[in-house]
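Please go over the structures that come below.
Below are two complexes that have chain A in common, paired first with chain B and then with chain C.
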Partner chain A sequence: MAASTPTGIRDEGLTVEQALGAPGTPVGQSNLWKDAWRRYRRNKAAVVAGTTFLVIVLYCIVWPIISPYSGNEVDFSIAKEGPSLAHPFGTDKFGRDLFTRTAEGGRVSILIAFGATFAILAIGVVYGSISGFVGGRLDNGMMRFLDALYGLPYLPFAIITLAIIGHTDKWTMMIALSIASWFTTARIVRGQVITLKENDYVRAAKAVGARWYRILARHLLPNTLGILIIAIFLELPAVILGEAFLSFIGLGISPPDASWGAMAQEGRATYRTHPIEIVVPSIAIASLVICANFIADGLRDALDPRTKET
Partner chain B sequence: MALLEVDDLRTHFFTREGVVRAVDGVSFSVEKGKTLGIVGESGCGKSVTALSIMGLIPKPPAQIVSGSVKYEGRDLTRLSERQLEDVRGREIAMIFQDPMTSLNPTLTIGTQITETIRRHYDVSQKQADKKAVELLEKVRIPRAAERLGDYPHRFSGGMRQRVMIAIALSCDPKLLIADEPTTALDVTVQASVLDLLDDLRHEYDMSMIIITHDMGVVAEAADDIIVMYAGQVVEHATTLELFDNPEHPYTEALLGALPQLEGANVREGRLTAIPGRPPDLLAPPKACRFAPRCRYAGSDDCTEHEPELREIRRGHWVRSAHPASERAKTPEPQQVGS
Partner chain C sequence: MLKFIVRRIFWTIPVLLAVIFLTFMMMRQIGGNPFRHTERAVPEAVQANLERKFHVNDPWWKQYAFYVKGVATLDFGPSLVLRGQTVNDIIKEHFPKSIELGVYAFLFAIVVGVPLGMIAALRQNTWVDYSAMFFSNVFHALPSFLVATLMIYFIALKAGLLPTSGWTSWEHKLLPAIALGFAPMALFARLVRGTMLETLQQDYVRTARAKGLRYRRVVGLHVLRNSLIPVITAAGPLLGFIITGAFVIELIFNIPGIGQYYVTAVNARDYSVVMGLTVLLSVIIIIANLIVDILYGILDPRTRDART
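For the complex of A and B:
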């Protein structure tokens, strides 16, 4: 019964007795997420990136609440100040506190990034799983349609979408950024579903009368979860950069509202005399993107141990 | 009326290379409470027959081109997918060859059993859990209640096959199809799983179809046996009759290939093998499909006319121009088999 030893023994340096307890006692369950977390922790870069990511997100959520300033508070008497104790990132040309404004801009940027990413996943999962699960002619048709859409360049398509909708806010930004970027996710999910549906346990489930929606929801989609979580963190950087780009060229979030892209755009005017105004949002964007990439890397090792066991 | 009557079933695979006649005119019936064994070597159409009964053949490329599968008088081949789903598990259950891959690794054993129960019965999760524990005890899994929350990787192959049996039995089916239930298991485990199946069959008053390539398995478990070759039934008799008086040259050869440990036929040295290989089902031999490997072929026109499945004795059907009892003078001195 104790034949399957928990994989943690070797790593935790336990003896078999310590890990399994006295003979006869039930073996402690080690579940998938515990195992994944253990493997994730072994990747130092991913741990640092994950921590940084959380710190940035927390700062964006919490700081605007406890900050003594408002990000839109104009005070020309303290315009263009350098970093100080009162204003850690200094102030911009209107005297707004950049530390607060960066957090407020980050809220918008991160909200758009996550919103668009989940929209991408939702569309991709629905499209991909239908295509892969039904198969045959429908699959063929849906995939050829996807091939045609693949030719669409992502940013121009987002710009056109924004122009058609006619106004720009957080929600339309999410639509614009997700509308032309779900193709890869759909393909990944389709591939997974096609592989998984050939499994014996799917046939066994059919043999006891399981209906198609049960098979899809119980046996196929949960097994794509690992890949989807990785996909989130692979998709995030692209969306963050897309949002920043659109706002920077003036098509995204526009002043006085802040997003990191919009702040960089404002800072561009004074980058020679007062560079911190463009440097701060740029570093924020860059660090979030880099962190997301490292997290994706760590998650890949954690959730799909076959790829690499270091 | 028999519980299951399969009549002239033909399941063909329409592939790019041509039509593969995997099952080509198979008929048999399973009486209530009886066990039917289907034997034959790999690729003879045993599994496709079983999957055709369940309506689980992959369409396309496979298709049931003719014949009927009557279960309690209802023709399963004419049911819609939705109606079939209600039959599967509830009326006819199936267990598969490989227990290592037939359970979903991401769901607990308990979930996989109770989901099946709740698919067919309107019971609460609590009641389903209780029934799942009973089932696990029935299939002799120790500390059943504790193991409900375990994932499949914590079970050995034999235990997983027991879990598969528990799932198959969860909705009290009247017919259990076991497709090579012990092939992937250790020999010692094989025996215990077969015993378990036989006990449960009596307890639940089920009929059973056991598909195997192991003559030893059917000898113990089956009441009747059909021998399949290249998509056709070549011999059909009760177990005793088949082992005592095999008629078809193929059956004789199969029995002759069994290793004998005691008795008059103990052989020294190498085991006997059947020469040649099974025919390509894309282009099977025109007449008797066993003719190319048959030691009696060629003495008359049996390579020209396809032999019919005929009743050579009461309850003993054979498809051959040269059944053992009609071979007055054996062309070769050495008689194979018992």
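For the complex of A and C:
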């Protein structure tokens, strides 16, 4: 680390050369995303978590393609085997290779998780930005309505939603998971929009005659992007665990296709003799959740340095 | 202060009505008539009588008004599937077990989580802190069914120390309560550590130290009291978490509580039971939030005006 400089860049963990460029060259431009990336990289836990997250996602995407087995291939002669070279996670009671099955289940779980998270963000952004942007009575009414929704227990409403739709697949699962969990995102977006609305550059835009949709699209929403990216990784764990819980109590997608939660539910039947069947998908769920938590931490430090976890 | 409490309680009424309304409208969408699918054929006249008795053909606003009246008098109506049983009977039978489970889990979370967070904060950046935070991060992420299954496998099956399922003696209640309390415990530990570190930096702590108060006394007198506020604030959202977790834990340990019955009722299309249980859970969450807000208003007067 360089000697202390009066500019305060020492706090960012940079040398003078890194911050200003080599002597004689023009001062390097630094933008929000470059700064954020640099701050993110300084958080070792977040870097490890991000890498692990990518590895898990890659494994789920690639392994089913190159695997010698199919996740639904039944072979009773090798049922309930422990881990071996041929089957790194062992096999289940139908002799299906758990390493392949976990990857295939991961595809479903991760797809549902991201789908539901984006649905939550979309609803939250629309609701929150309208409420915050319009303000006044509408804002008050919309927020009171949100207060009422906060009383809803999450899981029962997901269950009722699935009962209304009548069948469970990936898409209905996303709907069920997002229907009772967009409230927090809506509140965050509203808060951000209200804060930004009073900024000078927004007033300036208004003063020169920009229409409301231009202000919203050009000034307000881009500035909420940071907290939205954080929100993705804050919502992901809740959605992943929610899907696992729903599947575990028997309301998940139907066999032979499986998500991690559905695999754990199947494994529950044989946990007394062959516990690996429930352990493998559960550990997969937990790893993804832990990674998402640490990524969210890192992103918060990187993108929104002012706020701190309370 | 009184004004704040009264206003806050008053505001709960429209929230309750809205939640009942939402549940009610959602239940109407499920479709299917529980009387049309019974195995035994019922004569048309009896069918009509049943439908009249349960207000099946009334307009929705009449049904809603009827239902709200029932809820207000704590009468959730009869079960549509179990003959001669009312929803109140079912609640009376299953609910106390769920409450007991939730309370034990909550106690476990506080009794273990709060000291863990305190120790981690007082030994900040030592291996004690790091390992406490590592484990609480891991435990917060583990799905409760894994924790429960592993505990049954190792403690109940392999070691034979405790029974695997049921809900009769205290031995039966130990494992489910711990399994359900695991994630909240990890959350409490992290919360308490965070606020405690912040409180330790405060001027009044430095003042107390400067005037010669012993460190233990400062921690016990000033720091601890102020660090417990987030435990109260987190209690509201945690209740929802515990309800969700109870659905799974009751299933694994075969505890005849609300969560286990809820799934049965949904599959049997027993609307009045599903509706009654959902409204009940919502009311509990709303009342818990009310209590948390009032407690918070008492502990931190600054929030009284902001939260109406």
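General remarks:
Quick note on the criterion: the second predicted complex is superposed on the first by the 280 of 310 C-alpha atoms of A that agree within 3 Å, B and C clash if a C-alpha of one lies under 4 Å from a C-alpha of the other, contacts with A are read in each partner's own complex, and residues count from 1 in each chain.
Just so we're on the same page, a residue touches a chain if its C-beta (ideal position, glycine included) is under 8 Å from a C-beta of that chain, and two chains touch if they have at least 3 such contacts.
Keep in mind that this is a model prediction, so the values were computed, not measured.
After superposition onto chain A, partners chain B and chain C are found to sit side by side with no clash.
Contacts of A:153 after superposition: chain C is touched, whereas chain B is not reached.
Of the two partner chains, chain C is the only one touched by A:279; chain B is not.
Once the two complexes are laid over each other on the shared chain, residue contacts for A:251 go to chain C alone; chain B is not touched. Superposition on the shared chain A places chain B and chain C such that, viewed from the Cα centre of chain A, they span 100 degrees in steps of 10. Which of chain B and chain C touches more residues of chain A: that partner is C. Of the two partner chains, chain B is the only one that A:223 touches; chain C does not reach it.
When the two complexes are overlaid on their common chain A, residue A:237 makes contact with chain C while staying clear of chain B.
Once the two complexes are laid over each other on the shared chain, residue contacts for A:203 go to chain B alone; chain C is not touched. Of all C-alpha pairs spanning chain B and chain C in the superposed arrangement, the closest lie 16 Å apart.
Once both structures are placed on chain A, no chain A residue is touched by chain B and, in the other complex, by chain C. Of all residues in chain B, those touching chain A in their complex are 54, 56, 60, 85-90, 93-94, 96, 98, 101-107, 115-116, 119-120, 142-143, 146, 149-150, 153-154, 156, 164, 167-168, 170-171. Across the interface of their complex, chain B is touched by residues 1, 3-4, 26-27, 29, 32, 136, 199-201, 203-211, 214, 218-219, 222-223 of chain A. Contact residues of chain A toward chain C in the complex are 144-145, 147-157, 159-161, 163-164, 166, 237, 241-242, 244-245, 248-251, 264, 268, 271-272, 275, 278-279, 282-283, 285-286, 289-290, 293-294, 309-310. Interface of chain C with chain A (complex): residues 14-16, 18-19, 22-23, 26-27, 29-31, 137-138, 140-143, 145-146, 149-150, 152-153, 157, 194-195, 230, 240, 243-245, 247-248, 251-252, 262-263, 266, 274, 277-278, 281-283, 285-286, 289.
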